[in-house]
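In the two assemblies presented below, subunit A is common to both, partnered first by subunit B and then by subunit C.
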Partner chain A sequence: MNEFIFFLNKVIISGATLGSVYALGAVGVTLIFGILRFAHFAHGDMMTLGAFISFMLVGIFQSLGIQTPLPTGFIVLPFAMAITAGLALGIDKGFYEPLRAKGVKTVTLLIASIGVTLMLQGLIRLFAGTATRSFFENESKDLFRFKLPIEGVRSINISEPQILVIVTTIITVLVLHFFLTRSRIGKGMRAMADNPSLAQVSGINTASVVRATWIIAGSLAAMAGTMLALDVILKPDLAFNIVLPIFAAAVVGGLGHSYGAIAGGFLIGFAETMSVFNWSIMFRGFDNLPDWFPKDLSLVPTEYKLTVAFIILVVVLLVRPQGIFKGASS
Partner chain B sequence: MIRRDAILFAGLGVLVLALANWFSVPYTLQILVNAFAYALIALGLNVQWGYAGLFNFGVMGFLMVGGASVTFVSYPLNDAFWSSDGPFMLFKALLAAIAGGALIWGVTRMPKKGNLAKLRGFLLVIAWAVAYVVYRSQIDPAARLIEAEADFVGGLGLPAIFGWVFGGIMAGIIAYIIGKICLGLRTDYLAIATIGVSEIIRALIKNMDWLTRGTLTVSPVPWPTPLPADISASGVASPDMAILLARSGFLAVVMLLVGIIFFFLQRAYEGPWGRMMRAIRDNHIAAGSIGKNVTKRELEIFVLGAVLMGVGGAILTSYVQLLDPSGYQPINHTFIVWVMIIVGGAGNNYGALFGGIFIYIVWTISEPASVILFSFISDMSDGVGIGAIPDIESRALQMRVFVLGMVITLALRYAPQGMIPERVRTQEG
Partner chain C sequence: MSLLDVKDVHGGYGGAPILNGVNMSIEREDIGVIVGPNGAGKSTTLKAIFGLLEVTGGSITLDGHEVANQLPDKLVPLGLSFVPQEFNVFTEMTVHENLEMGAYIREDDFSATLDYVYEMFPPLKDKRKQKAGELSGGQRQMVAMGRALMSQPKLLLLDEPSAGLSPRYMMEIFETVVNVNKSGVGILMVEQNARQALEFASKGFVLAGGKNRYTGTGRQLLDDPEVAQSFLGG
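The block that comes next holds the complex of A and B.
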């Protein structure tokens, strides 16, 4: 039983947390790909930007003396999302829209997004320095221990940020689902992802669809970035390191397919935690294990955790290039 | 070469002279060695992206392969490794890998259609799993033994030039494997896949301590030309002069190599092979319909570009005499090369050469330049009472990342063809 709870703590909870962050990021990437047809590499740095905006807002809140029962980083999230969405619109206006207006190939937009990545990274480090920071410098990070009604069994541990990440992601996914299926602009987005020219001739305002895409992608990026920083730590290369698993998640789910991105995010998240988990722990309960039984049964060593996402990515690209769900074609 | 290009190159020459005046001559030589190595890498990417339109975002991976290869070939022999059981155990691991590969290959030979198709997929997964377990069961003890008894495998003690060649060959082999898997993908997918592969290569080289010593770094990797110490030993009294001579020697070798490769690339570009590649790039369906084997040609050019990148990566590692896997970053080793060919002009070798040297110089001098700029602003803000900017040195280092991003976005918007754009010679012209 102890082993099972260890598995729950190590794999299920951390996998769900990681998967939630990946899913939130991948939805943004996949929406941008669906509407604008390019892989937006600057998404990771938009996440970092969102996290830093949250951090600044937390500083303002705390200097005003506002006390909250939940972590302040979570309370300021709506404001940070709004600001990041505004910045995302600004980035589009400043860097992508002029290129689109010139009618360049989508590949050029991809290269431009690399330029935006570099600029954002440079700016973040210029203003914030390279130090790592924590949202929990002035408040405590609560850890909940759920005791099972069995004697001598360890407790299920889950931290406050982890609960918040998982719950918020579920709510966000539901809201997003209703937005895409019920609202006028959401339907317009789906139409444009399916067939841009047909969407345009049938009277959908493509400019406002593009705006909506950036607002959603920007606010989701801020959410994912802040959540990640709450769970782990805030540093300037926070999301640059996970932008690739996020892309893997989006591709695995089928680029351009929102539900696929969510599924892909959780798939990659669980695959990463499961492949570095030492499975031989699960067999400790058996007393009479033979001597040759290996002590370490993890599929890959911990330092190769990030490569798991790529191996899944490459296999998916080979076996089923359109992703689990059929994605938009470029 | 038209007059405008000649003026640009002349301007570059003036810039280099100004650098030599501003800094010192040996430091300028160091910048030039690195700049020419990057120019070679930019030529490699120009072959892939400019000639054939292949979206390779995994430049860093090939540079790392080149760097690790040159270290392996030219680093002195490690007697502790060769006298231990290490070589034998590695041989067993190699046999295990070959056996696993043969098993997988055998399964892939099964018919793809018919009753056995479902079974084939299942067996393929089993075969991969078996091969992986067998290989891990051999390589893990070998790696542990080597790390415990001999630190790492060491090198072969051969001249550095062989290392450069070997770096190119290894990068080519890896590019062949990647190309076989990924080249069928469309642009964005290919970009993501190549970035992924380069991250896998980085993880491997960083963590295979038995082969590359990982984060502990290997040094000193020898030079192909005499080191400053050798020149001093042979009778040159002044240490400054020795450094100057040594770096000039290294630069001469690199420039000669870049010159030869450039000549052949230019010949190939102007010849029928280059025309065919441009045809494939601009319309691969049409090129296929007139009998060109698009997949094979793209694979060929992907390997060729990767070989150049591998050699360039080997030169970079040779020059700093240090293999440090943690020093490789996508910004410094992939994106900067993209900036080079976008600014220089994709599809034109002169453009790639110009962009490689120019952007490397901009990248290097934007740090001291921003220190000066920041100190100036800091003095001003201090003067008006806002206070000085803290940590100018570390912040200025970040400024060059911003400058790089700015350059690429501006270039895409205002000069999408680059400084020296592609010029296709037609019958009339």
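The block that comes next holds the complex of A and C.
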């Protein structure tokens, strides 16, 4: 029983948390790819940017003496999302739109987004420094322990940020689903991802669809970045480090396919936590295990967690290049 | 003043010009059919009218508005609709959503138009929750035309609506074209099956080398021995 709860804490809860962050990031990547047909490399740094904006807002809130029942970093999220969405629109206006107007190849946009990555990283370090910060310097990070009604069994541990990440992601996915299937602009986005020239022929205002895409991608990036910083720590290379699993999630789900990106995010999240989990713990209950039975049965050491996403990405590209769900990749 | 007036239009995709002086005029009660050999500029003419390629000379007026080189999101509200030959449905969206996309520019309640389209294409009503990509070729063509009708156009441009369809479906699509026209929508279409299409055309245009070679009613063109010999395969 102890082993099972250990598994629950280490694999299921951690995997769901990680998967939520990946899913939120991957949805943004996949939406941008579906509408604008380029891999937005700067998405990770947009997440970091959103997290730093949240951190700044938390500072303002606390200096005003505002006390909140939930972590302040979570309460300021709507504001941070709005600001990041505005900045995403500004980045598009300033860097990508002029290139699109010239009719450049999508690879040029990809390279421009690498430039935006470097610029954002530089700006964040310029204003916030290179230090590592915590959202919980002035408030406590609550940890909930659920005791099972069995004697001598360890408790299920879940932290407040983890609950918030998972619940917020579920709500966001539902809202996104209704937006894409019910609202006019959401359907316009799907139409444009499906068949851009027919969307144009139908008289769909493609410029407003592009704006909507950046607003959604930017706010989801702020949400994912802040949640990640709440769960772990805030640092300038916070999300740049997870660009690979986020892109892997988007590709695994089929680029351009929002539900695929969500599924891909959770798949990669769970795959990572399962790969670093020491499976020999599950066998501890057996008393007479032979001596040669390995003490460590994890597939990869924790510090190589990122390779898991890479391996999944390579395998999916080899076996099913269109992704698990058929995507708009071209 | 006609609904659509195309006067001496020149244009192309930036390279060598494809259109070298195309003239046509269409009224709301007309079914205009453009025929001609491959590379004559038939589809290019439709694309030029719909702003999908650069018009370098001449004029195109719709209801008196000059529309040459206007983008589709300006043309659709003016009453022009276009059904491309290929990739003319949103494959990942349902039939119903495809039709909604046709009405994207409309701010008013379009449920009456929806009923009209389902009446025009009865098979679509049962399949309205199905993805358009799962339908047969003929039904996809219906979705494509239905989508174009949702914006309540005055003039519908059809690029080879019968391409790739069996003769039975071809006749069905042609019948629908006539019915749509009777409901008050002008039609201008490009057609490979020239003989069958000219049978019901009130105006026929034979293009060759990017300009009009013969112009007349469908009947006149069918009865012209020269047209029959050179362009309708004897």
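As a convention for this text, the second predicted complex is superposed on the first by the 330 of 330 C-alpha atoms of A that agree within 3 Å, B and C clash if a C-alpha of one lies under 4 Å from a C-alpha of the other, contacts with A are read in each partner's own complex, and residues count from 1 in each chain.
By definition in this document, a contact is a pair of C-beta atoms (placed from the backbone, for glycine too) under 8 Å apart; a residue touches a chain by one contact, two chains touch by 3 or more.
Remember, it's a predicted structure, so these values are computed and weren't measured experimentally.
A.B. asks: Looking at the overlay, does A:7 come into contact with subunit B only (first), subunit C only (second), both, or neither?
C.D. replies: Once the two structures are laid over each other on A, A:7 reaches no partner at all.
A.B. asks: May I ask you to name which of subunit B and subunit C touches more residues of subunit A?
C.D. replies: Touched residues of subunit A are more numerous for B.
A.B. asks: Examine A:61 and indicate which partner it touches, taking first as subunit B and second as subunit C; both and neither are also allowed.
C.D. replies: neither
A.B. asks: Have a look at where A:270 lands relative to subunit B and subunit C in the superposition and call it first, second, both or neither.
C.D. replies: A:270 sits against neither subunit B nor subunit C.
A.B. asks: With both complexes superposed on chain A, which partner does A:110 reach: first (subunit B), second (subunit C), both or neither?
C.D. replies: In the superposed model, A:110 contacts subunit B only, not subunit C.
A.B. asks: After superposition on the shared chain, which partner residues are touched by A:198: those of subunit B (first), subunit C (second), both, or neither?
C.D. replies: second
A.B. asks: Enumerate the contact residues on subunit A facing subunit B in the complex.
C.D. replies: Residues 33, 38-39, 95, 98-99, 104, 106-108, 110-112, 114-123, 125-126, 129-130, 244, 247-248, 251, 255, 301, 303-304, 306-307, 309-311, 313-314, 317-318, 321, 330.
A.B. asks: Within the complex, which stretch of subunit C touches subunit A?
C.D. replies: 50, 52, 71-73, 75-77, 82, 84, 87-93, 97, 100-102, 104-105, 147, 151
A.B. asks: Which of the residues in subunit A end up touching subunit C in this complex?
C.D. replies: Per the stated touch rule, the residues are 184, 187-188, 190-191, 194-195, 197-206.
A.B. asks: Contact residues on subunit B for subunit A in the complex?
C.D. replies: 55, 181-182, 185-189, 191-193, 195-197, 199-200, 203, 206-207, 331, 335, 338-339, 342, 391, 394-395, 398-409, 412-413, 416
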